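Sending over a structure as structure tokens; questions will come in a sec.
Note that the chains are named A, B, C and D in the order they appear, and that numbering of residues resets to 1 at the start of each chain.
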Amino acid sequence: MASNYASQFVNLLAALLLLVVFAMLAQRRILSMINLFAWQGLLLAVSTFIVAYSTAQHHLYYSAGLTLVLKVLLLPWLLHRLMRKLNVRWDVETLINIPTTMLVGIALVIFAFNLAAPISQLAEGITRGLIGIALASVLLSLLMMLTRRKAVTQVVAFLALENSLFFAATSATHGMPLVVEFGIALDVLVATFIFGIFFFQIRETFDSLDITHMEKLKDD
Amino acid sequence: MTENTEFIFAILFQLTQLLLVVLAAPLLSGWVNQCQAWLQNRSGAGVLQPYRVLHKLFHKDAVIAYNASPLFRATPYIVFGCMWLAAAIIPIIAVDLPFSRAADVIALVGVFAVARVFISLAAMDIGTAFGSLGARREMLVSFLAEPALLMVLFTASMISHSTQLPTIVDTLAHHQFVIYPSLAFAALAFVIVLLAENARIPVDNPSTHLELTMIHEAMILEYSARHLALIEWASSLKLFAYISLGIALFTPHGIAEVGNWAGLPLAIGLLLLKLMLAGAGLALLETVSAKMRIFRAPEFLGTAFLLAVLGLLIHFLLGV
Amino acid sequence: MIDLQLMALLLIPLFGGGMLAVFGARPWAAELNSLMSFCTFVASVALTMRVIDAGPQAAFNEQFFIDQFNVYLVALTAFVAFTTSLFSRPYMRIEQHHGKLSVGMLHLYYSMYQLFTFAMLVALTTNNMGIVWVAMEAATLTTVLLVSLYRTPASLEAAWKYFILCGVGIALALFGTILLYFAAERVLGQGGTALLWTHLNEVKGELEPTVLKLAFIFLLVGYGTKIGLVPLHSWLPDAHAEGPTPVSAVLSGLLLNVALCAVVRSKVLVDGSLGSHFAGNLMMGFGLLSLLVAALSLFRQKDIKRMFAYSSIEHMGLITFAFGMGGAVATYAGMLHMTVHSLTKSAIFFAVGHAVQKAGTQQMDNIRGLLQVSPTVGWGLVLGTFAILGMPPFGVFASEFLIVTTAMHEYPWTTPILLISLGIAFAAIFGKVQPMVFGETTAKPLPHPPALVPVFLHLLLVLILGVYMPAYLSDWYRQAAALLG
Amino acid sequence: MLGVVGLWVKDAARFIFPLSAAASLVLAVSSVLALSTAPETLVLPLGLPDLPFHLRLDPLSAFFLILLGAASAGISLFGTGYFRHLEDKTLRLLCLEYHLFLAGMALVMLADDAYLFMVAWEVMALSSYFLVTTDHAIPDIRKAGFLYLLIAHVGAIAILLSFGVMQGGHGIGAYTFDAMRNAELSSFWASAAFLLALFGFGAKAGVLPMHVWLPEAHPAAPSPVSALMSGVMLKTAIYGILRVTFDLLGTQLWWWGVLALGLGLATAIFGVMFAAVQADMKRLLAYSSIENIGLLLTGIGLTLIFHVYGKDTLAALALIATLYHSLNHAMFKSLLFVGTGSILHATGERNMGRLGGLMRKMPWAAWLVLVGVLAISGLPPLNGFVSEWLLLQAFLLSPGLPNDYINMLVPVAAAVVALAAALAAYVMVKFYGVIFLGQPREASLERAHDAGIWERIGMGWLALACVGLGLAPVFVVHQLDRVAQMLLGVQLGNAANNWVFLTPVDIERASYSPLFFLLAVLGVMLLTSLLVRRLYHGRVRRSAPWDCGFPAQTARMQDTAEGFGQPIRRIFEPFFKIEREVPSPFDMHPHYQGRSEDRLWYILYQPLQHLTEKLSAMAGLLQHGRIHLYLTYTFVTLVVLLLFV
């Protein structure tokens, strides 16, 4: 009974997650993108928590907590600080205009669902069809990466990608082994720090975070 | 008749022919010149003129350029030797000649080539403009004439399944009489080759010393006295060899078989007749045709080459 | 016992990283670095001996697993890491002398170098597909810092591209891993063992094909980015060209192998489960594409390190192709080629490093007359080039011989591509190297004597592998080939 | 024997060259012995696992080892003198490469498994490359070396592929030649193997249209090296073709023979035609090597045709002609190349237009080279003529093949061969006449010095070989019969029954006796000279040559190399790409220059080059710096792959 509710709730969260990704895709302002990223993290944490509760896997509690700390509090805070330090508040300039991006996004979602259909037949219990959503949001975040022009936004998109992966890991497959998850979390953290360092270096060498400056290396 | 008497006869024939050719060769060229003279309404110097010329030349002191190398001096002897050998191994009066085992038709062509290469090298030895000019033209003419000659000989040897001159002649002369259309082409080609190789009009003119046209004369310009005599003798030997080769290939009939004493006089008689006819024909040809530009010569010889190949192909097509 | 050895192998570089994080600024940091790498090498040798004696074994309740396949990569990695540390000692000194590097940078370099070794060794030895992923990510992060060591705009750009592209790739690989787990947990149940390769390998027949197909695609695209398969290779030339030369050496000599090892492992699972040649065909396709495109790109390179980076892509393509063909001979050849390629390519990069330092530029048009200015470097480059171009009697030829002939026998339609690519690659590289080593020049000698022992040591090994392979080595390879099927 | 080889490789100072010459002699002699004995095999503990190095010494390899030994003996002796002047460092390096080269060639002929064969093959190529680029300061030489090694390598890959086709069964063990002999191939795959092998070996031999490297590389190399490359290395390719076609491949098809025949004829004519117009003496020789390779290939093609149609005696005849000719070519071509070497030493000049009259300055070289010239022009009684004679015999005996087209083809082919031979004589007269005869065209030539003692010995040995091979054909053919026996299972039995007359088939069909010929001519010469002196006198007076009334003649007015080649250029105009600079009537310093180039280069190779460049430009577009694009690649790849599962 509970598991039934739980599964519905998780599905709802999954839908929300996808929505958030779309929102990020459509988003023009960096700061709100970062906030959306925080929201995504929150949804992730909650869904993980519910899965942990309903399937009674204790290590999932840890990873839920980890997510909460890392992706809802720490990373957004870091990013905010960065933004303030580098005082980048300008709007996001995309390479492809937003509506087109959205349309491509829709297509991707359909594609992902079709792809995942046979798999979700296999999945039992509460996690039916979450693979599809996870896949969709992975592809969407990838799309986001390659349409954004600023280093920061690319990084946020990258983190969103990690989020959706994490979602797949916890919700779709009831969580990976704990050691793996810790490893993943650690890597994400380190990655973010390195990103931070990079921002400063890029900023001081190119005095801008626009990565269109970084197109010197090519075969000619 | 026993084995070794037969062999002795063969040797005898061979020696006779050796002497015969070397002595008769100048006579033939003399005959050709005489015929030309008659055709051109000149009285002519007489058939024996070549002998007188040779005799005179042998008497003179040889004059050689300062920088002449031993090669230059050895060449006349080499050329003479080669030509003599060549003329000696072509069966004209009798089929079985021991020497001709040593060199079949391909080797025969080789012998001619040796003489030619040496005389060209000698011509370039002194380093006058004419020598190398003549050598170049000689090689130019020959590199087309030689394959043509080979093709002619191949046609004959295809017919007789042999490259041995005696065997060829034997097949053509002493077996039942067959008409070979392939040989007709070959004969035509052969005549052209003969004209070219013996420095005859229309390819070359033996009696001119006009630098721009001469080939053979340009090469031997530096030779004098006995060297010149040997070379002249050699070229008349060459003419003799070619004509007798033609006779052997195309009209061998009446040639004596081994040790056939009875047939011998007839054979010799016939041979003389053929030679005289051939010489007269040659004179006629030279009289009626004009010397052509040096660069027409390749086309001329190319025709010969093609004719010869055609003859070979026809042999394959018709099987005869 | 095995646990101890393994621990030694893994902890020495970790500890070394710590040490150098502390003492990295000292003048003797370079020696310390080499020492640490040497200890690692010794440990790897010990481990190898054991595995050769006692066969495959697991350690740390199966989290780590060592068989003939990865142990030889372990030995190779440790060895090349060691020689590279030897090479980097004078190289970095010279760079410092030329004012390209500060002490702080060196500090970072040494510690990261050790950590990088550690990450690679973990990725090789672990049995857990998840931890493989973690280690690969860690390796990426460390090398990113190494690539951007010079802090020049170019190096930053290269590092950034490297970071983003490999990050994305790795992320996709993670998704693949998750799918793998998704399929596995339904057979092996929840929790720890479901990602252990050994277990997966036992039950690969029962795994769900559709999921594994999907998983393999993600894994291939993910780790393929790291291998540098076309069209995922875009980061590779930049990273190789802009990073310090020792890093380029270990990148193309080692990291690519490690990634390839992961792909091969998963290929075994997938084809096992599908019972078809799906994964193999994919790998063959990518291999051929990489071979062709890399060969063509070689033609236009002006930067020497860039060119050899492309040659790495080319060879990785060849190896992937070989593993994709499968079968005893091809797999054997693939592993042999991995070995000789790492040795040769790192040797070439050593020589190139000094050549560049001599000429003061990476532009090949400005590098001339190496044989004249310093014969050792010149000959090193010439021989290395001929080795990498597959000229006998070097070992690269041995493996190419087997690969090409097997391809001719099994998949004849691929051979035109092989013929064309190898021909073009030869023309390109040889035509560019020849004028560099020959001819006249005016270049000044180096402040420190160049380190050429590693170069010739590697080339010697490659030469020996070309004409003579000790029996135990070949048995070892053969067992590994048997493992991979 | 390999011990000897190993000894070669060991690097030492100057005395190594005579040593290696001795070693080559030992090699040659031991191979002569090996020719008659049964094949010996040897397995070394080296090589790949399951595929140790297999060595095998059978009549075929023995024959080519004889060739190698005999030729390299003379060349090494020559080299002793030739390399004397190098400074020590270069000499050591060169010595090492030189002997690696020799060892590589020897191993190629001994190899009995694909791997060893390829290793030796590439070692040979690599060492010869380094030898070619000995003085690499000159850009042209670097270019030549590059072209050479590139074509060699592509050819090697083709050979590799053909081995891949022929391999017997699976596993690494399948690459021994024995396994290949036993492998059953469908006619399609057999043809594939043959074509690949023909391409690969042809690239090494300089068969049309892969010949372009040859006229570049031969002149670039030091003369003894060019001699080795032209005399011996090209033969390794012939060896390879024979080995693959008749030994490894069980079945042959008739059209292989036709293909080889056609290619061979084209190559022969092409080579000699270009040789005729060259002004650089080594280029001239290189082109003449192309011609000879063409003749050899023709012989192989003929052998194939006869063999396929079961006319095995004729096949044996053609094969023996081929082998004989390769032996001859090894001798006289090496002789000529080392000859040019001593000319280079004496004058430092490769352009024939600046030579001339050297016969007075360097008589030794001149007379020895003359032997080579006469031999290569195919004049009796020297060796060149014998092999041509045998080849033509093979052609003449051919009729009666079941295939009419081939019956038509054969006489034409014979005609072409004859033409090529005649042209070769032309070329050689030009070569010798312009260089050695006439008057020196440059004042500097007055200082030319004759070849040193070592060089004389080397050349003498080679010249001796030419004469010997020419005078004792019966013996040689008898030896070659063993090879024919091995490859075709048939012998030319009655070749040896008459020691003075060479009668390949039957005394009634054809016979030739060089010895007799020589004696006859010499006898006649002696006789005549005696008679002339006896009947008349032997007086000689020296004077200036006749200047035909134009006293201002200079040596420059002699016929130049270009001039000598001009008729050929004129006759075969369409085959050349001719560039002329003709002076205008008003030039104060009139200056004429004509260059004849190879059209094939422009028809075949340049387009290839352009195509590759275009493709690589397209590949370059992939990599143009924008990270978004790179991400897109990843994305697209992923999506496409996902679509296709």
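Keep this in mind: a contact is a pair of C-beta atoms (placed from the backbone, for glycine too) under 8 Å apart; a residue touches a chain by one contact, two chains touch by 3 or more.
Computed from a predicted model, the values in this text were never measured in an experiment.
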Most extensive contact between chains (C-beta pair count): B-D
Where chain B and chain C are represented by their mean Cα positions, the distance between them in whole Å: 79
Centre distance in Å when chain A and chain B are each reduced to the mean of their C-alpha atoms: 102
Rounded Å distance between chain A and chain C, as computed from the means of their C-alpha atoms: 31
Separation of chain B from chain D, taking each centre as the mean of its C-alpha atoms, in whole Å: 35
Contacts with two or more other chains, residues of chain D listed in rising order: 619-620, 622-623, 627, 631, 634, 638, 642
Per-residue overlap in chain A, given as positions that touch at least 2 other chains: 115, 142, 145, 211, 214-217, 219-220
Pairwise chain contacts, counting only pairs that touch as defined: A-C, A-D, B-D, C-D
Residue ranges of chain D touching chain C (in the complex, touch as defined): 45-50, 114-115, 118-119, 121-123, 126, 133, 136-137, 139, 142, 145-146, 149-150, 153-154, 157-158, 160-161, 163-165, 167, 170-172, 175, 612-613, 615-620, 622-623, 627, 629-631, 633-634, 636-638, 641-642, 645
Chain A - residues contacting chain D, complex: 95, 111, 115, 139, 142-143, 145-147, 149, 211-212, 214-220
Residues of chain A touching chain C in the complex: 57, 115, 118-119, 122-123, 131, 134-135, 138, 142, 145, 151, 154, 158, 161-162, 165, 168-169, 172-174, 176-177, 179-180, 183-184, 186-187, 190-191, 194-195, 198, 201-202, 205-206, 211, 214-217, 219-220
Chain D residues within the chain A interface of the complex: 619-620, 622-628, 631-632, 634-635, 638-639, 642
Interfacial residue positions of chain B with respect to chain D in the complex: 58-59, 61-69, 71, 77-78, 80-82, 84-85, 99, 101-104, 106-107, 110-111, 113-114, 116-117, 120-121, 124-133, 135-137, 139-140, 142-144, 146-147, 150-151, 154, 157-158, 161-164, 167, 211, 221-222, 226, 230, 295, 298, 305, 308-309, 312-313, 316
